[in-house]
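In this document, chain identifiers A, B, C, D, E and F correspond to the written order of the chains, with residue numbering beginning at 1 in each.
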Amino acid sequence: MTGSFNPADTVWVLVSAGLVLLMTPGLALFYGGMVRAKSVLNMIMMSFFTMGIVTLLWVLYGYSMAFGTDVGLGLLGGFSDLGLRSAITSFVGAPGHEIPELAFVMFQLTFAIITAALLSGAIADRTRFRAWGVFVAIWATLVYFPIAHWAFAGDGWMIGRLHALDFAGGTAVEITSGASSLALALVLGPRLGWKRDPMRPHNLPLVLLGAGLLWFGWFGFNAGSALTATPLAATAMMNTQIATAMGALAWVATERVRDGHATTLGIASGAVAGAVAITPACGFVTPLGALLVGLVAGFVCSMAVGLKYRYGYDDSLDVVGVHMVGGLVGMILIGILATVLVNPGGADGLLAGGGLGQLWRQCVASAVTLAYAFGVTYLIARGVDRLVGFRLSPDDEMAGVDVVTHAESAYDFVGASGSIIATTHPLRGPIHPEEH
Amino acid sequence: MKLITAIIKPHMLEAVKSAVREYGIEGMTVSEASGYGRQGGHTEVYRGAEYQVDLVPKVRLELVVQAEQVEELIQVIADAARTGRIGDGKIWVIPVDSVVRVRTGERDTEAV
Amino acid sequence: MTGSFNPADTVWVLVSAGLVLLMTPGLALFYGGMVRAKSVLNMIMMSFFTMGIVTLLWVLYGYSMAFGTDVGLGLLGGFSDLGLRSAITSFVGAPGHEIPELAFVMFQLTFAIITAALLSGAIADRTRFRAWGVFVAIWATLVYFPIAHWAFAGDGWMIGRLHALDFAGGTAVEITSGASSLALALVLGPRLGWKRDPMRPHNLPLVLLGAGLLWFGWFGFNAGSALTATPLAATAMMNTQIATAMGALAWVATERVRDGHATTLGIASGAVAGAVAITPACGFVTPLGALLVGLVAGFVCSMAVGLKYRYGYDDSLDVVGVHMVGGLVGMILIGILATVLVNPGGADGLLAGGGLGQLWRQCVASAVTLAYAFGVTYLIARGVDRLVGFRLSPDDEMAGVDVVTHAESAYDFVGASGSIIATTHPLRGPIHPEEH
Amino acid sequence: MTGSFNPADTVWVLVSAGLVLLMTPGLALFYGGMVRAKSVLNMIMMSFFTMGIVTLLWVLYGYSMAFGTDVGLGLLGGFSDLGLRSAITSFVGAPGHEIPELAFVMFQLTFAIITAALLSGAIADRTRFRAWGVFVAIWATLVYFPIAHWAFAGDGWMIGRLHALDFAGGTAVEITSGASSLALALVLGPRLGWKRDPMRPHNLPLVLLGAGLLWFGWFGFNAGSALTATPLAATAMMNTQIATAMGALAWVATERVRDGHATTLGIASGAVAGAVAITPACGFVTPLGALLVGLVAGFVCSMAVGLKYRYGYDDSLDVVGVHMVGGLVGMILIGILATVLVNPGGADGLLAGGGLGQLWRQCVASAVTLAYAFGVTYLIARGVDRLVGFRLSPDDEMAGVDVVTHAESAYDFVGASGSIIATTHPLRGPIHPEEH
Amino acid sequence: MKLITAIIKPHMLEAVKSAVREYGIEGMTVSEASGYGRQGGHTEVYRGAEYQVDLVPKVRLELVVQAEQVEELIQVIADAARTGRIGDGKIWVIPVDSVVRVRTGERDTEAV
Amino acid sequence: MKLITAIIKPHMLEAVKSAVREYGIEGMTVSEASGYGRQGGHTEVYRGAEYQVDLVPKVRLELVVQAEQVEELIQVIADAARTGRIGDGKIWVIPVDSVVRVRTGERDTEAV
């Protein structure tokens, strides 16, 4: 049990795992605040349920499928570590940077959870909860676990053979969730009254709270992906902060010009877009590179979220426009901005004189991920729809999934003294009442 | 037809609803209101600054009923809503020209 | 000042202390969302006040009572470190894993705080605030500090003599808070209108936010209790995640079958139940063991919260059903599932061939804790009730403790444009307005 | 890249940076809950925008201005590290405690962000958003970056020449933000209807959530300022907890006596006041010293927030009363309570036999900071007001800045089943329905 | 003048508003209400404890109009608000003595 | 007896309340409402999608008063609620058959 391991790296990975875990409740609130008050609980429930079911699958076979010994060609991990039996006493990591394997298992689990939870944003307000439960289990098994192997396992084809660069999951997390969401949105079809009825966020402070927790947790996501407490982790963290901030600025600047108003939903969305785009890139680009990544992501994503109106898919909370598009932005910009000055284990992109090679590898990795995730998710969603029925009945959708499915109301402010009309007038301030 | 409007204390709503149902009325409309009257409000303090909140939470009931039920219903509602403390509320009665049930278009007596 | 200490372990304990401290505001929101809108502030206030008063007592004499040199028989720490004078410059921990003593003092303080704050859940809506203040100070002194000595100090009787296993506080935190809550609920009696009036949660997103913060903080609670950045910490963290997730799944599965609906309050409650049960066990069982602990806890606790209706005690927010019962589940399952493969410092339970010995020790430790906490709390509560009066007047309780006691309203949404009825219709989406 | 650095210290600083970053969303909610429902989004927006713009400036030139090689007399850092080019591969810190420079850049960035964001509290409800954007960029450049050099850079005059003690920013963060807020409040003038109309907090649970996040993040702020994972970090963390807790207790005790009610807004405010005051002192005083600092700060600040009514400046959310006054309390008490027993790099204050020397240095540092921050901010604010117009039109202010400027409503609870009047009656509890 | 009060389903508000505007009425007052009637409520469950919520969300419209418009408007509103399901709501008509526009002090016909 | 209903701008409530109290009326019932009328609404934008919100926040006052007070009270309320801008609101008066004070059962003039 006291084999050779690096205690500082171990702390860093454990802390990072905690931070990433927190992102899913953060996402639940971020999403929950954006839907109407009659389905906020369902939105949160989809995330929390995902925390449960994906953990179960991960322990049983998911970790093994993603990180077990490769079955060949870098396509899938084998079933060598079912039930995490051997992980208790072993270590993983580069020489001198070994950490307890369970720390790595835990860290990677939190990625699996949030990737799956992200999908719920595409299908707000109209999903039968039991269908979500079945879907997410199959989806994690057939879509996420394999792609995680490609992108995160040393012997996965994307990293080990293609030599694409993806520091923290631009493919496995962002493009995967975005492309899968597109498939889901297409299978489920738009919400009743979409484009006609008001569907504005019911609780924006909740959205901003969620965004704050996501921002915080993303440091674990990105800098934790260094898996070591080294300058690389510091660079990844700094770059994450920069791109997130720039995404926020670029989004609100865009909407200030385009719509005439800088919005809080916009600044939150832009922050997420920036963080998404820097996810694959944070360990390969300079701070000024990260600045550019964030700016591009904020602008491009703020435009991309309008595509759904044009093409008629109701990706309700813009998983496609933010995560798929943002992930693509980041993956591609690596091919342009990466430099080995930042990370000797990386590569030089176009601007650093590395030619088009890395850019090509980035595109291949992105395209394969996108195609696989979209295709398989589409088939799974169709299957689940046929077997279980993916959509609520129109009546239930109108009444609201919270009450119908979960038998709960999110809020009950009635009768509290603050909910009445109250003309109040200050009587006195402290200390010097006579001054009033 | 008449419209009975009753302003009552929020926590008496359940009792009044039961009493009215027992009397045989199967429909009514309820809404939140704030009352200003003899019953005082309360004081709030935020970082030492005091505010006087002089409205108190109330519930408003509206029942469209036949004219001949009015007197009895007033009694039923008042009895159920009474706590004997200041602020128990008011009931007032207004003449109604006609009532329609949206679903069927039925009028007046058939509509309620 | 630069004595011999392990910096990685120090970081881990400091971070963990921060995480556990965050649990109490998390608990405040978790509890606050569950009560009616007219008493949410009081609920939150009880937690925050506890953060204040327990910190004061801890500095003055609490740490000394819990971790000062044993006065004999492992019953209580002495008054050797009043005011934390000597802790500034000393170190504690196993050889090679020493940490600054103040890191340990801080870490343990956060346990004392949350244990005390947990009790407030039993007495929602009806408690005089001044009585809570007096009660919680006496309770920490007479109930928590001694039991913390038994369970957490090396020379406490439970660990040092009985050799019961309790990794992170199944006895001192969970059973203690649950049993004390039962006593409190009995002394105060039920809320006015209990079982008759609607008492549904007024803000479930707040509850789920609280649950998310608790989940996050629990990693510090459990994995931090390793006090070292070792594989044991990783195991404890992984097990915590697994059991929490399984508790969540088991609870909603139970209510889906029993009540016909999976609820968000249920999934949050189940997560807490799973985390509670794994608290004592996380450093002694395998991941598959943790899976079982979580499932059992989720199921048993989801049933146990109904007992209050049967036996007529208004444990308003189910501290008994979740913490006492969950703590017992965890303590007992250690006796069955523990294995020295996971922790050489632990023991083998029944299934690992260790016989009934450990199970017996677990039961003794649990029973003594339960009895002591219940009995002493009952006496303190009676005393406080007699001296100060524990309950609000019926009028004040009806009007709502927030306004009456704290002279505040939790919410004032009146007049905000979002609080009006607003039929809105989308005019145009971004980029392609004409498409609408 | 793998130069000599201390991995444990690196982890600690990275984690601390994450914690401090989280404080700004926490502050956004803390502030947002305190204003009326019609301007909560604007309040949050000011903080999030600050996260964006200050990050941008920091990368471009801010870090260099604060921590670049001193241009002379300790007044300002030079422009030696624009764009963070050299920081990627270098290390900073005492021998044996080097950390990657980007970790330090990141850590210090989070201080710059929150200091700027704090100012928004003084000008709630009435500020043109574009003016805030312009203002905060100029303010960071002319006020914060220089003062950060004075107080945090080894060659800054305050630390390097005057030898004032300020562990984590009592001058650069607290006094600076407070004094600047006073200037801002004077330039903008009071809100329409101030002292006449009700301006009570619209969402106190949000305020308390924000306070909880601030409390949590403050550990990174203060203990992280040790920049090493040493006993000094542990002491700083313990002292932060103690003073925060004591501030909370002292504030509610004061208002219980003065106003007759202990309030949740009060306990949150007191916690912040205590944390503010211990910020400069946490690495120099004993736990009992911290206890005193917290008590004094809680009492003094709870009185100081009334001064605005007397002198007629609408410092809406009491940045002056809490941060300026609290910062002064902490700075001055260092001169009285500091002891080299806690920190050999510190000094002995009055009570430790150090005479009046240190007290004098503390006063000089505080006074210069206060005067510079107030004066320069006043000029900037006047300039911005003239060029851009700092205040909304009266009509816009009445209608609410959220809708007018950001074209958003914070909440829309209408039509959710929980927002209706609902008499509910329990049908049955679990397990034993017949018992009801 | 008459006061038409209509209790309708919340999601029919947009349709009714359009219909009324088309008819030529340019003003009305809207508020939230809860309805009790034939249309049932729903059940909620919290930690296994079931609650019956027997009020359903409604919207109340108030329109002060000229007496001769009443019959047509009732038709317009009822048609727009009808889904054919139980709970579509009620419309009732009350005599009004006089109406004033606050801004100008105009009365009755000029006031609406 | 008469029922005076006034729809006013929310921030004029305090002024109207004072004026009414000064006139000698000691009770009224207040509730939230949304107004649709000449006064426009506002636009909101979420991720580039614009919404037109065409209702504006209002407050509804209800006062049951003696018939002879009506004209004066209309004046008092209108004066206090007037800003001179579009959207100041309406006041209407409805005949009331009878009023009851729940607490005592008193009727009509004694009830208010």
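Just so it is clear, contacts are C-beta pairs under 8 Å (C-beta built on N, C-alpha and C of every residue); 3 or more make two chains touch, one makes a residue touch a chain.
All values derive from a computational prediction rather than experimental measurement.
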Moving only between chains that touch, what is the shortest number of steps from chain B to chain D?
1
Interface with more contacting C-beta pairs, comparing A-D to A-F:
A-D
Can you spot which option in A-F, D-F or B-D is basically A-E again, with over half of the contact pairs the same by residue number?
D-F
Please decide if copies chain B and chain F contact each other with the same set of residue positions, more than half shared, or with different positions, and reply same or different.
different
Report the inter-chain centroid distance for chain B and chain C in whole angstrom, where each centroid is the mean of the CA atoms.
44
Between chain C and chain E, centroid-to-centroid distance (C-alpha), Å:
50
Note: chain F sits from chain C at a C-alpha centroid distance in Å of 50
Interface hub residues of chain C, defined as touching at least two other chains
7-8, 11, 15, 197-198, 200-201, 203, 209, 213, 255, 258-261, 263, 265, 302, 305-306, 309, 403, 407-426, 429-431
Can you tell me which residues of chain F touch two or more of the remaining chains?
10-11, 14, 17, 30-32, 34, 42-51, 53, 55, 94-95
What part of chain A is in contact with chain F in the complex they form?
198, 200-201, 255, 258-261, 263, 265-266, 269, 302, 305-306, 309, 318, 421, 423, 425
For the complex, give me every residue of chain B touching chain C.
11, 14, 42-46, 53
Could you pull out which chain C residues touch chain D in their complex?
1-3, 5, 7-8, 10-11, 14-15, 17-18, 21-22, 24-26, 28-29, 32-33, 40-41, 44-45, 48-49, 51-53, 55-56, 59, 83-85, 87-89, 91, 99-103, 105-106, 109, 129, 195-198, 200, 203, 206, 209, 213, 255, 258-259, 302-303, 305-310, 405-422
Considering the complex alone, what residue numbers of chain B touch chain F?
2, 6-8, 31-38, 55, 58, 60, 70, 74, 77-78, 81-95
Can you list the residues on chain D that touch chain F in the complex?
197, 398-399, 403-404, 407-409
